[in-house]
């Protein structure tokens, strides 16, 4: 099967510091790929390059068989490439339903309309319902708990029905149980969506992903199935330390 | 709404000419402040050049009126068109930058318009401005009296308010709030910040333009002060006192400001101190202005 | 003496004085004559506006707050030097305070904006802005103008230059707005009409912080004489920098009176103004203003400038109008006729009114700034008697 | 034109002296903006206060050169009081609220100064030392302006050394990037911010003292100066020292030479040029690195 997202030779320097060095891997449709590596490995920089918030110095990003290196971030979303951020980026002054409806309307092409078009609230309610947050639909995000905000944050790109979803630390700050539930929702909701998942909690990554990419100091050091990665000596040295550690 | 219309009718019947004209001016300024609220309150776009849209439309209306007469429909059309054009130019230039850059860019652009108005004597009358305007008219009726002006200003204010409210409640309005609260997330959701903000700018321009078009007829004069940045700052003061983010607060703000200026300055030279104090106290104690205070007190 | 220190305490004392005068119970008798004054008490002309109000107040105090035995009530409103605000204030005075007469205004834009408003309201008005148009196209049967027009100063400056330095090559420099264009335009037209040569014409934006570039350009031109119009802070900066760049003494400087205003500019620039020539309808050394200068000085404010004198003269004219109309100046055709019939004696000298446009006919003085006891004083060196604006003929 | 060289040189010096004034003025604003991310629209009030203090000082007969520290201290003290209340509460608020608060305060200060001092225009009595003139070719140039250029350069350098080359500057910059870490080192960041605000206000007062010789002092000057400072800082690019210098030079030269070459359209041309520049470089001449993401 042809990959939905293919990275080839991505390199990025900040001054003398090389953040990414010849990074390349692919993601197939519907596949869940985990991305792990210690702090400074370049995971977030890579996210920003894939989604267009940063421009790579070299290399190319191919999405659904076209090169998208010069496509603006907002346009990449329209192509089906959605993301979250390391910290929850929600609209604190809007209700949970409105937060998600913002994405729903964009998906439906109604986001900039004044008259006509769907309000997107039905679809948003359904998503919240699925996530077990129906009772909080009319609460302002600023009045919600951290965990609830994270869930709304992750639901927003989901509402875009993307073909690839990049999740940057979606479970940070959540309890293990909350994190598991969040990932359950994600996997259940988007049977067809490919995932690129960064998480500190290695068990979560290994438990939910089909393949895992391990990075260190801007380079990919190993790509394999969770089992392969778990058993890899180099990965252990670089990152895992002891099994389950972080 | 019925209460508003009833109140307006009572005022129109009993108030004297001076008061009616004063109220008409408050309403026109209120519409301008409301349009600024769309930018600042909902879009987070701090503009110090809003007077360019408001006053630019006033100039355009005055110039057209001297040529072809002061037909109300023609005036509103001219004003809105001018507001739209100026807002489009300003939008294209400033909306790529944010925060302080936006503040300075709007200021510089508006001051460029002021320079033009101030120096292009043949068309704008230069520093002396334009006077000797024909009366406002609607078909066969002359609308020159204070009562007629008031009766034009009230529906204009009501319609502007309804338009603004529908804009804010619509998806585009929500998107505008989104770009203020979390612009990066909006981009990540696939919204073009420019497209959202530009639409807000156009709506604000058309509204400010419609109000501005009638201003020369209230004062029977238009001069370069009406495009000067200090008027932009005054609009911001009115907005803050009235309440950022609460459309109708604009009318409160313009009433409070013009009221202080008009009724206190005969008694004390320190009226500007008072305006400053009211302004700062509003920022400190009522961050959402009088309108926000009223809302909080009600709930 | 550039420090306002001493003046500050005097000012406070004076403020107290004014307050007590205000608080004195108005002698109730006839219905008081209500006079509305619109002037700039904030914004760029604030100091001038305070002077104008001060001049008017002084006259009222001298008159025992009564004109022709009728008590006078003065309501002063601030226009911030903004036409729209001026219009609103005028409407308030007319519609709400129901004043009998209106007077004041410094900014010509405000004056022009008020023109249609007072005409429509048929409100007798003594309008003090000085744009030429006020005596020409914008003249109104309801407006009398007990002050100069810009033409009066510009054209006399040209005549004087021609008188004393025939054939001099004159460069002009002025603030680029209506007043500057009128002063310089009238100067140039008159001067060229007399056969004079006009060199480059420089224009600078209103509120120019740095005149260095302009002064360097003027120095490079090497003209015989420069004719300038600047006012307020622009005048202060221009004159100080004129001296700093060593142009004082090398190039003859001729200006409109406002550039050397006795109250507003001279105390701030000191000897940088020394030797400056200007044409003005006001001078503290003009014989006609001697009594006023003394009375003004007695209040502790030093020598009066244009606007304190204008405020005072405006009061004098209104007082005369009240007297000649038997205490009822609102009977406008009669009042107007009474003022047209005979000139009014004012601190500006004998002041006839031109019946064509209600414009005062004025003596225009040529002042030279001289040091008198260490202070800079506009000293009359020549007088053009009874200058009359061409009015509607222009 | 007999002496084109001298003419060009003097016009360049004119631009430089104006730039020096813009730099001093802009630095005060830029320090709080770049280090504390605080927009202070009351900065013009510090400038005017400094002007008044210097004018009174120079008129009092006390040693003239002390006028500048006096203006610095007076404005610094005002800054200290304002830091206590209400600025401190707004350091962490959005720019919009800071803009509104400080603009409102500037209205109050403007009227208070007008009340206390009056509306007349005041100018300082310059010491004889600074009254002279030098000739370049046969074009005169005032020594006071050379003094301005010198003062601008020296103060700019001193500030740069202080912020970029001392441990104190390092602490300051660290406090901006990560407040928490600096606090764990036992440094009270609140006090650090207070010091920065006092320094900024003092710089405003000092530039007012120096600027009074060129600009005079009167109500309304605060606003004019504030706008120039804002434009300088924004054109230069927020948050960098080099940016302020570049901004001051660009604005100073643009305003000066637009007057030389296009006197009738000076402001229009200058504003247009600045807008164009901001279009080409939307984050100013020296753009700092992205803060977010």
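Lettered A, B, C and D in written order, each chain numbered from 1.
In this section, a contact is a pair of C-beta atoms (placed from the backbone, for glycine too) under 8 Å apart; a residue touches a chain by one contact, two chains touch by 3 or more.
Because the structure is predicted, anything quoted here is derived from the model rather than measured.
**Q** Just grab the chain with the largest centre-to-centre distance to subunit A, centres being mean Cα coordinates.
**A** That would be chain C.
**Q** If you tally contacting C-beta pairs, which comes out ahead, C-D or A-B? Let me know.
**A** More contacting C-beta pairs are found at C-D.
**Q** Report the inter-chain centroid distance for subunit A and subunit C in whole angstrom, where each centroid is the mean of the CA atoms.
**A** Centres of subunit A and subunit C (C-alpha means) sit 73 Å apart.
**Q** Could you please state the distance in Å, as a whole number, between where the Cα atoms of subunit A are centred and where those of subunit D are centred?
**A** Centres of subunit A and subunit D (C-alpha means) sit 46 Å apart.
**Q** Determine the centre-to-centre distance between subunit C and subunit D, using the mean Cα coordinates as centres, and give it in whole Å.
**A** Chain centroid spacing, subunit C to subunit D, equals 36 Å.
**Q** Which residues does subunit C have that touch at least 2 chains other than itself?
**A** 42, 176, 205
**Q** I need the residues of subunit A touching at least two other chains; which ones are they?
**A** Where subunit A meets two or more other chains at a single residue, that happens at 53.
**Q** Which residues belonging to subunit D are in contact with no fewer than two other chains?
**A** Where subunit D meets two or more other chains at a single residue, that happens at 264, 267, 293.
**Q** Quick check: in the complex, which residue numbers of subunit D touch subunit B?
**A** 33, 39, 86, 95-97, 99-101, 103-105, 107-108, 110-112, 115, 227, 230-231, 234-235, 238, 264-265, 267-268, 271-272, 274-275, 278-279, 282-284, 292-293
**Q** Please give the residue numbers of subunit A that touch subunit B in the complex, ascending.
**A** 51, 53, 72-75, 77-78, 82-85, 89-94, 98, 101-103, 105-106, 110-115, 117, 119-120, 156-157, 160
**Q** Which part of subunit C faces subunit D closely enough to touch in the complex?
**A** 2-5, 7-8, 11, 42-44, 46-47, 50, 176, 202-205, 207-210, 212-214, 216-217, 219-220, 222, 232-233, 236-237, 240-241, 244-247, 264-265, 267-270
**Q** So in the complex, which bits of subunit C are touching subunit B?
**A** Touch residues, subunit C against subunit B: 41-42, 75-78, 82-85, 87-89, 91-92, 94-97, 108-109, 112-113, 115-117, 120, 131, 133, 138, 176-179, 181, 205-206.
**Q** Which subunit B residues qualify as touching subunit D in the complex?
**A** 40, 44, 46, 93, 96-97, 99-101, 103-105, 107-109, 111-112, 115-116, 119, 184, 229, 233, 236-237, 240, 270, 272-273, 275-277, 279-280, 282-284, 287
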